[in-house]
Every structure is written in C-alpha cells, then in structure tokens.
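Note that subunit A is present in both complexes that follow, paired respectively with subunit B and with subunit C.
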Partner chain A sequence: MPGMVSLTLAGFLTLGIMSFVYKDNPIYKFCESIFIGVSAGYYFVLIFYQSLLPQLTDKIGLTGALTDSALAYYRQSGSLASVQWFNLIAAVLGMMMLMRLLPKIGWISRWPLAFVIGSIAGLKLIGELQTNIMTQIQKSILPLWAPQYVDGSLSLAASIGQSLTNIVLVGGILTGVIYFFFSKEHKGVFGGAARVGIWFLMVTFGAAFGLTVMSRMSLLIARIDFLLRDWLHLLG
Partner chain B sequence: MRKEIPLVIMVACGVFMAIQFFVPHELPALIYQNLNKTVQVVGAVALVLGIVSLLSLHFAKINRRQPGYGYSYILIAFFFMMAASGFLPAKVNLGSFLGTGDRVEGSFYLNLYNYVLTPVQATMFALLAFFIASAAFRAFRARSVIATLLLLTAIIVMIGRVPIGPFVLGDWISDLADWIMAVPNAAAKRAVIVGVGLGILSLSLKMVLGIERAWLGGGR
Partner chain C sequence: MRKPLILFPLVFLFLFVFASAQTPPTPVDSLQAVDTPDDAGGQVDLTWKPSPDEGRAVSPVIGYQILAAPAADSTFVPIGTASAGATSVTAKDRLENGRPYYFKIRAYAMDSSYAESEVAGPVVPKGSWWNTKPAYLRIVIWMVFVVGFILYNIRKAGKKELYIRPIAGIDAIDEGIGRATEMGRPILFICGLGDAAQAATLAAFSVLGRVAQKTAQYQTRLIVPCYEPIVFTICQDIVKGAYLNAGRPEAYNEKDVFFVVYDQFPYVAAVNGIMLREKPATNFYLGQFYAESLMLAETGFEAGSIQIAGTDQLIQMSFFIVACDFTLIGEELFAASAYLSKEPEQVGSIKGQDWGKVIFAGLSILGVVSVLLDENLRVHFFGFFRKLMLNE
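On to the complex of A and B.
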C-alpha cells in the first residue's frame, strides 16, 4: 500500500475524524468504526505475540514460530522443567478465564481472577508503601533553612531562595495531604490549611491544563502539516 | 464453594506476594517470578476477553438491526482484517497495493498500522484541541481566587514553554514556568501521590485479608 494511495487513505481518515468539529456525522462514524476495529485487531495481535506467546513458551520472542510451545518442548525433551509446569498452569488459568463467555460455567473465571487480584494486592501492599509513600515522604523531609555556599562563603540570597523553595515544597505537600483528609471537618486552622492545599492543587491543575493544551495543539499542527505537506504537497 | 475457593486463592496469593519481599531465598524468588508471569498471561487473556465481548456486542447489534448497525459491519470487518494481517506467514504477498505477510516494514499489518491506525489515533487526540479551547474559555473566566490561580498558572506555563514567550517577555517567564513545575506543582503532585498510595495500601490490605469481596460479584 505504498505512495499516494496510502497517503490518500490516511488523509481521508484524518479529514473524516476532523469533520466531528462541525457535528457528529456518518463519515465520522465510519472512520470511528474503522479505528475501533483496527485498534482491537492490533491489540489482539500485540497481546498474542508480546504477552501470550513469549510468556507461555519462554523461548520465543516476537518473531518466533508458533509451533515452539511448551508442549513442543515436551515432545522434544520428554520432560517438563519447573518453568514449563508454570507455563501450563498459566495456560490453564488463561483458559479458565475464557469460561466467562459461557454463562453456565462462568463462575470458573473467578479462580484466575482471584489469582490476579490476590497477587497484585499482595505486591501493591508492600510495593506501594516502598515506592510511593515512603519515597515521597523521604524526599519531602527538607531543611527549612538551607544555607548555600558560593566559593566557600555563605550566600545569603541563595540561602533565602533555597529555603523559600523548601518551605513552599514542604508547605504544599502538608497542606495538600490535609486537603485530602476528610475524617476531620475542614474548619478553623485545619480548614485554612486545607484551603491553602486547594491553591496548590489549582496550580498543579493549571500546569497540567497548560501542558495538555500545548500537546494537543502540537498534535493538531502535525495533522495539518501532514495534510498540507505530505498529502497535498501545498507546503514546500 | 464457588466463592470460598476463589477467596482462599486470593488470600493465599496476596499473603505470599507480600511476604516474599522479606524472605531472601531463591525458592520464593522463583515462585514470585513465575507467578508474575502467570499474572501477565491471565491479564492478556482478560484483554482477549474484552475484545471478544466487543465483537459479541456488535454481532448482537447486527442481529437486532439496531440503529447504526451498518457501522458494526465495518468495525468487525476491520477487526478481522487487522487480526488476520498479523498472522499472515512471511511468504504471503498480497501485491504492491496491500503489502506482504509477516510483521515487517512494507507488510499488510504495518501498512494498516501506519496508514489507518496512526493517523486516526493522532487526529482523535488532536481533535481534543478544539474541545479544550472551548473548555478553556469556560474555565478561564476567572470568577474566584482558585479559578484565577488556575488561569495564571496555565498561561505562565504555556507562554514560558514556547520560544515566543522568552523572546517577547524575557527569560524570567521560562524561569518562572520552570519554578512552578518544579516546586508548587511537584508539592501538590506529591500530596496526591501520597494520598493515592495510602488509598491503594488500605484497599490492598482489605483485599488480602478477604474483607473486600465486591470483585466476586453477585449471584452464585
């Protein structure tokens, strides 16, 4: 599908999706259906080659042959290593998951689901404590007076600047956490701290909003550039 | 038994996964490694289940001749086209228009990816620029202190991050944008991360202890 035909197809799909700016219309719905179908197909192939096949066989990567499975290994070697036994367990649990499609024995799918939920919950129990909570708290314990030395002597301006930065950082974290603490009514000093927390959160939302606008605009510029330069050759 | 056994499996897996962090022995490490792999396989099958569910939904739509069922034909056709293209043997050649088999450059699979999926996906996201513009108009009508704060931060970050900002206003604007990103933004983000972390921790604990059972669903 090289050259002009493929570019015209991409151009038509781009314009079809953009037509939604005017209003919801059949061309947009047509392109949307293509998108969903192709996406589902793409992820189906991706899951098969990147997750199912390598994880079940342990020996093959993206370009491996379909026949090189755990069972083929068994036929060749006459034995199943412990790793291969686990692969078979994974395959059986995967098959049990598909039982959800059969209403009468759909309850079987709870077993692999229990396996996944339990494993992830156990991992998160310690992992979340280590990575998100402890690390973030550790990084937030900062000196509120941070002397800065320039050429061996104390720089008052740099020290005040760094100390203010630390105070804002620690204050922002504390007030932000206070805002998310709903077990106590937001009144008095506690309410005031929660209010300051909202201000910090608004700064974050504003920054996120600004960055999102910029990234979407960049994408839009890229699509217009594709239409005018690559497809229609109107730009040099 | 239909609920008790899954509960036992979940508690056993959860307790093992939590404890293995504290056991410096190769056996728990090996089991952990393989359990992780099994979780990935089951997760991948769950995604396949989602795709099957999507297709059955659209087949049902066609059967019932629901409004817009014609689009379901297109969706299903393109799904099978894309899926089939991923499993074509390398020696298959569909001609210069469609491409070859396998999943290499110039293949039918990658042609569909490059000239159908990528442009539509990018345009879908680009389309949000228009809706964000209208949302910005509504959000940026500074009616309160916090709305003004949001407006000011967004403007400073946007102007500070494009070349024209420092060119017209000077370097201070990009320095200010960098400071906002590194200090107040980081502070609030850290507060959110700690809050989310505590939430995940408590939910995981409830799961592992078998207190939280909503995932078992209703019925038998």
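On to the complex of A and C.
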C-alpha cells in the first residue's frame, strides 16, 4: 500500500511537470513548487551534515567524532583529530560572507568572494594550461602522410584514409583557432580560413546535437516506461 | 595382511586433511612508506618486495590488501588493494593530512589464507607547496609566456584603444535591451549553472553589468534568477552597482535578483515558469550550461522572447545555436565582456590570448613539420622542441 501511494504520487508529479508542454497551469505551478521546495530542503540538510558540520566542527577539533574517519581515528588512537587550521580560516571566511546581511558592514562579504574567485582562478590556470593547451598541441602534432602497413606491406588505401583523417584534424584545429582570433578582421585569406573553421565547428555541433537528442529520447522513454509499466501496469 | 588394508583409509584421511589445510603464504618483505612528494597531501607511497609465493603451484598469492592504523598497536583497517605482481601503490583513501599512520600489507593466497608484513611507519601525509616534477616546468614556461603577453597587452591597452573585431551576438545585446524597452516587458538574465570562478560565469558577470546599466537608464525591469549562492550574491552586487552608476539607485529592486535553488532541474522548472508568466522580451543565457540549455531556450522561444546565448560548453552550444537568435560561441563570450566594457584589463587579456593562439598555431605547425622530417633532422632541429612539448 505505501508503495502504491508513492508510485501514484510520483506518477501524478511526473504528469504535472509534463503538463507544461501544453501550457502553464495550476497543476504545473503546484508540482514546480513541490519540486523546488523539496530540493531546497534536501540540499540544505545534505550540505549542513555532509559539508558544514564535518568540515567546520570536526576538522578544527571541536568534536572529533562527527565523521566516520574521525570517529575511527579517535577510537583507535585515543586522541582527537589534529586541528586543521585551514578549516578555521574557511570558517572565518564563511562568517564574513554572512556580513552582507548587515548593510553597514556588508562590504566585508566581498573579501571572501574575492578569495574564492582569485584562488580558484589561479588553481584553474594550471589545470587549463596542462589539460587544454599542452595536451591540445600534443594531440594536434600528427603526420600529414601516415603510411599504414598491413601484413608488413604498405596499404595505400589505409594510408590515404589515415592521412586524410590527420589532415582534417590538423586543418580543423588550425582554422578553428583562426576563427577565434579577435585582433584581425575576417577578410581575404584569413577570413576564408576562419569560414572553414566555423564550418568545422558547425559540423561538430551538429554531431553533438544529434548525439544528445538521442540520449534525451532515452530519458523520455524511461519516464514513459515508468508511467505505463511501474505505475499503471499497462505494459507486461 | 589385514594391517595394510586398515592403514589405507587412515593414510587417505591424513593426506586429505593435509591437502585441504590452508597454507599461509610468505608475507611481503621490506615494506617502506613515505609521504607522496609533489602532491596536495592525503597520500602515502608504499613499496615492498613481493611475496615469493606469488608463483607457487599450490594456492599462490593472488593479491594484496593495504592496511592502515593511527598507532602501531591499534586495529589496522583496509584502505586499498593491489594485484599480485605489484610492488608499489599510492594509498590515498581515508588518509588525512597531519595525522600519523602505520601501514601493513596483507598477502592473500588463493585458499583465502593470508600473511601480514611488518609494520611500516609512522608517516604523516602532507601537501607540498611546490611541484618539482619536470613536466611542470613546461607549464611554468607556458604560464610565464601567457601571463607575460597578457600583462604587456593590458599595459598597452591602457595607453591606446586596441582593436577587437565585431561579433554579431554582441551587437544584438543592445538590440535586445531596446526591444524590451519598446515592448515594456522585462529582460531575463541567466548566469548559468557554473560557480563564480568559472571563466564563462565571470564573462557573464561583465555582460550583466553592462545590461543592468542599460536597463537602469531605460527603466526596464531586469530579472536575474540565480542557481548558485555565491553567484547570486555577486549578481546582486553587480546589478545594484550598475543602477548606482547609472544614477538610478532607487530603481533597483533587490527582489528581481534572487536565489532559486541549488539543484539543476528544479531550477529549470522555476525559470521556465518565470518565462511563461513574466513573458520577458529578451532572454540572456550567458555562462556555463548543461542539460537544461535546450529546455530553457525552447521555453523562451515559446514565450516569444528574443534570445542571446553564450557558453563554453561544446554540447550545449549546439542547442543554443538551434534555439536562440544569437549565440556567442566559446571564446566569443569572453571577448564579448571585453568588447562591451572596453576595460584595459579585459581587452589586454583578449589580445594576450590572441598572441597565445599565434604561438599555439605556430607550435602545432612546427610539430607537424617535425614529424614529416627524417629522424636525424628531427632530432637535430626539433630535439629541444619535442622534449619540451611532447616529453620525448
């Protein structure tokens, strides 16, 4: 019986959200409010217990017994977890964020924002250089003539195929970079190369679009399957 | 004659018991544990000499279990595994910086018997300030180049106006604001689902400032529903500041810049509802977007809004191109904020990046030429380059 109630509720909410396809209506508004309210409550509890409490109270040694690892450490070593002072700095920054609730000293909240944006941007600089620029250059260094050997002898067809693949890849990368060059107007040969670049991009977007639409269709099918099979038992 | 017959089952029973008894393997030897160098902490490198029973005929060693404890005489708990043949592993689960740990390796045989090594430790995992691996030298070189170009161009942009080519989507921003003003309908601005440190979100902030200043001047309502709490606070500051700069602080309505929910699809449900109820004349989708991009853009289309999008997410760009009137593709979004603000820092950054692209293209061409050359020539002329770029 409880299973039936939850299934019916899930079915009703699914149809309520889907009713948006027809037009905005009171049932959609009701389901939307439930969706947002439940999600907000769920994430508050999740962040409070899985992030705020363990990171704040446990790691700075206030409790030493909130997370599983800290509890295990306490039981085995007989001592509290060592104080992680970095977490105390984070706690202070977090409290500074709340200062925006007090209009007179609201400017204090800009300091933790500056810290978050600056530090993450700095950290990402390294990651971007390493994964995007370095790896991209390495992967684009390909032979334009790539002989392929089948059973020890040169296969002309395979060689031409592989060489064409490499030429398209290197050409696509270079013309794509030219398209995103902002210091020069797209005119003449440079403009032509940029146009080729945008064609490469559009073909890529087309492929990505088709692929994602197919995955969305599978999501829709799964939801309809839930409605017809699990809820209404219309499918065997 | 009967004695041998009686002894036979006894001998058989003895052999059966002997064969089925578990024979623990020889434990691993010379276990050593050291804090992993050049890491962010929370990791310990373990090395050992494998059990000589890995290759034995009966019940060989099939794997190792990594055990850790905060004291040598306390209970060791499993924190990882290694397959037979392994002589090292980096333990990274459940280890925290600044705490001492002791380690043991448990060698498992096929018959489930096991043997534990001597205890190694204590080791205190800690993070390193500097990564001394040679691979990072290349990154440092790149960083010096890129940052150097950007700083040089920022300085140059401060002295004279630098050229940035026109981009169609950027000009449409002003058209969109004008349309909303003429129709007397609001503008909806969505900064995406990224956090405040994402490059796309930062670019969106810049455009938001520009849009807010214009809406303040034209007295057009600007609605900014936010997904991420920190992005929300920044958006509030930006819009408030823009209204102040435009000389209309009283027109700022803080209820129009609001936090919705930190969950993707409930956020989409809420924004879709806003679109159909408020009927905004222009929708901006600038920042990082994921699966919600098409849902938002399709609803905006249904609501009859003109739509301008910009993101650096490859998959989502395709949806925006299909469903929006103008799309800023990838780096065009970053250029947009520089183009609109004309601030030397931003224009200089775009110029510096353009220089970086020239070097990128040059190195790629150099690399392609180098792989076409004869091996000797390649080593002679491009040895340093290949060592630097390809780690050969």
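Here is the rule we go by: the second predicted complex is superposed on the first by the 203 of 236 C-alpha atoms of A that agree within 3 Å, B and C clash if a C-alpha of one lies under 4 Å from a C-alpha of the other, contacts with A are read in each partner's own complex, and residues count from 1 in each chain.
Operating definition for what follows: contacts are C-beta pairs under 8 Å (C-beta built on N, C-alpha and C of every residue); 3 or more make two chains touch, one makes a residue touch a chain.
Predicted model, so just to flag it, every value in this text is computed and none were measured.
Chemist: Touch test for A:Asn132: subunit B only (first), subunit C only (second), both, or neither?
Modeler: Only subunit B; A:Asn132 stays clear of subunit C.
Chemist: In the superposed arrangement, does A:Leu220 touch subunit B (first), subunit C (second), both or neither?
Modeler: Only subunit B is touched by A:Leu220; subunit C is not.
Chemist: Is A:Ala121 contacted by the first partner subunit B, the second partner subunit C, both or neither?
Modeler: Both partners.
Chemist: So in the superposed three-chain picture, is A:Leu228 touching just subunit B, just subunit C, both, or none of them (first/second/both/neither)?
Modeler: Touch partners of A:Leu228: none, neither subunit B nor subunit C.
Chemist: Contacts for A:Ala40 in the overlay, against subunit B (first) and subunit C (second): which applies, first, second, both or neither?
Modeler: In the superposition, A:Ala40 contacts both subunit B and subunit C.
Chemist: On the superposed three-chain arrangement, identify whether subunit B or subunit C touches more subunit A residues.
Modeler: With both complexes superposed on chain A, more residues of subunit A are touched by B.
Chemist: Please indicate which partner A:Gly197 is in contact with in the superposed arrangement: first for subunit B, second for subunit C, both, or neither.
Modeler: First partner only.
Chemist: Quick check for you: in the superposed arrangement, does A:Leu102 touch first (subunit B), second (subunit C), both or neither?
Modeler: Once the two structures are laid over each other on A, A:Leu102 reaches no partner at all.
Chemist: First (subunit B), second (subunit C), both or neither: which does A:Ile173 touch?
Modeler: Both partners, subunit B and subunit C.
Chemist: Per the contact definition in the header, classify A:Val5: touching subunit B only (first), subunit C only (second), both, or neither.
Modeler: first
Chemist: Which residues of subunit A are in contact with subunit B in one complex and with subunit C in the other?
Modeler: On subunit A, the residues that contact subunit B in one structure and subunit C in the other are 17, 20, 29, 31-32, 35-36, 38-40, 42-43, 82, 97, 100, 110, 113, 116-117, 119-121, 124-126, 129, 133, 136-137, 140, 170, 173-174, 177, 180, 201-202, 204-206, 209, 211-212, 216.
Chemist: Which stretch or stretches of subunit B touch subunit A in the complex?
Modeler: Those in contact with subunit A are residues 2-3, 5-7, 9-18, 21, 30, 34-49, 51-52, 54-55, 68, 71-72, 74-83, 85-87, 96-99, 103, 106, 108-109, 111-130, 132-133, 136, 139, 145-147, 149-158, 161-162, 179-181, 183-198, 200-201, 203-205, 207-208, 215-217, 220.
Chemist: Over in the complex, which subunit A residues touch subunit C? Could you list them?
Modeler: On the subunit A side, the touching residues are 17, 20, 23-24, 28-29, 31-32, 35-36, 38-40, 42-43, 69, 72-73, 76-78, 81-82, 84, 97, 100, 109-110, 113, 116-117, 119-121, 124-126, 129-130, 133-134, 136-138, 140-145, 170, 173-174, 177-178, 180-186, 201-202, 204-206, 208-209, 211-212, 216.
Chemist: List the residues on subunit C that touch subunit A in their complex, please.
Modeler: Within the complex, subunit C contacts subunit A at residues 69-71, 74-75, 77, 94, 96-99, 138-139, 142-143, 146, 162-165, 167, 195-197, 199, 202, 230, 233-234, 237, 260-263, 265-267, 269-270, 272-273, 276-277, 294, 314-315, 317-319, 321-322, 329-332, 335, 350-351, 354, 356-358, 360-361, 363-365, 367-368, 370-372, 389-390.
Chemist: Mind listing the subunit A positions that touch subunit B in their complex?
Modeler: 1-2, 5-7, 9-11, 13-14, 17-18, 20-21, 29-45, 47-49, 51-52, 55-56, 62, 82-83, 86-87, 89-91, 93-95, 97-98, 100-101, 107, 110-126, 128-129, 131-133, 136-137, 139-140, 165, 168-177, 179-180, 197-207, 209-214, 216-217, 219-220, 222-223, 226
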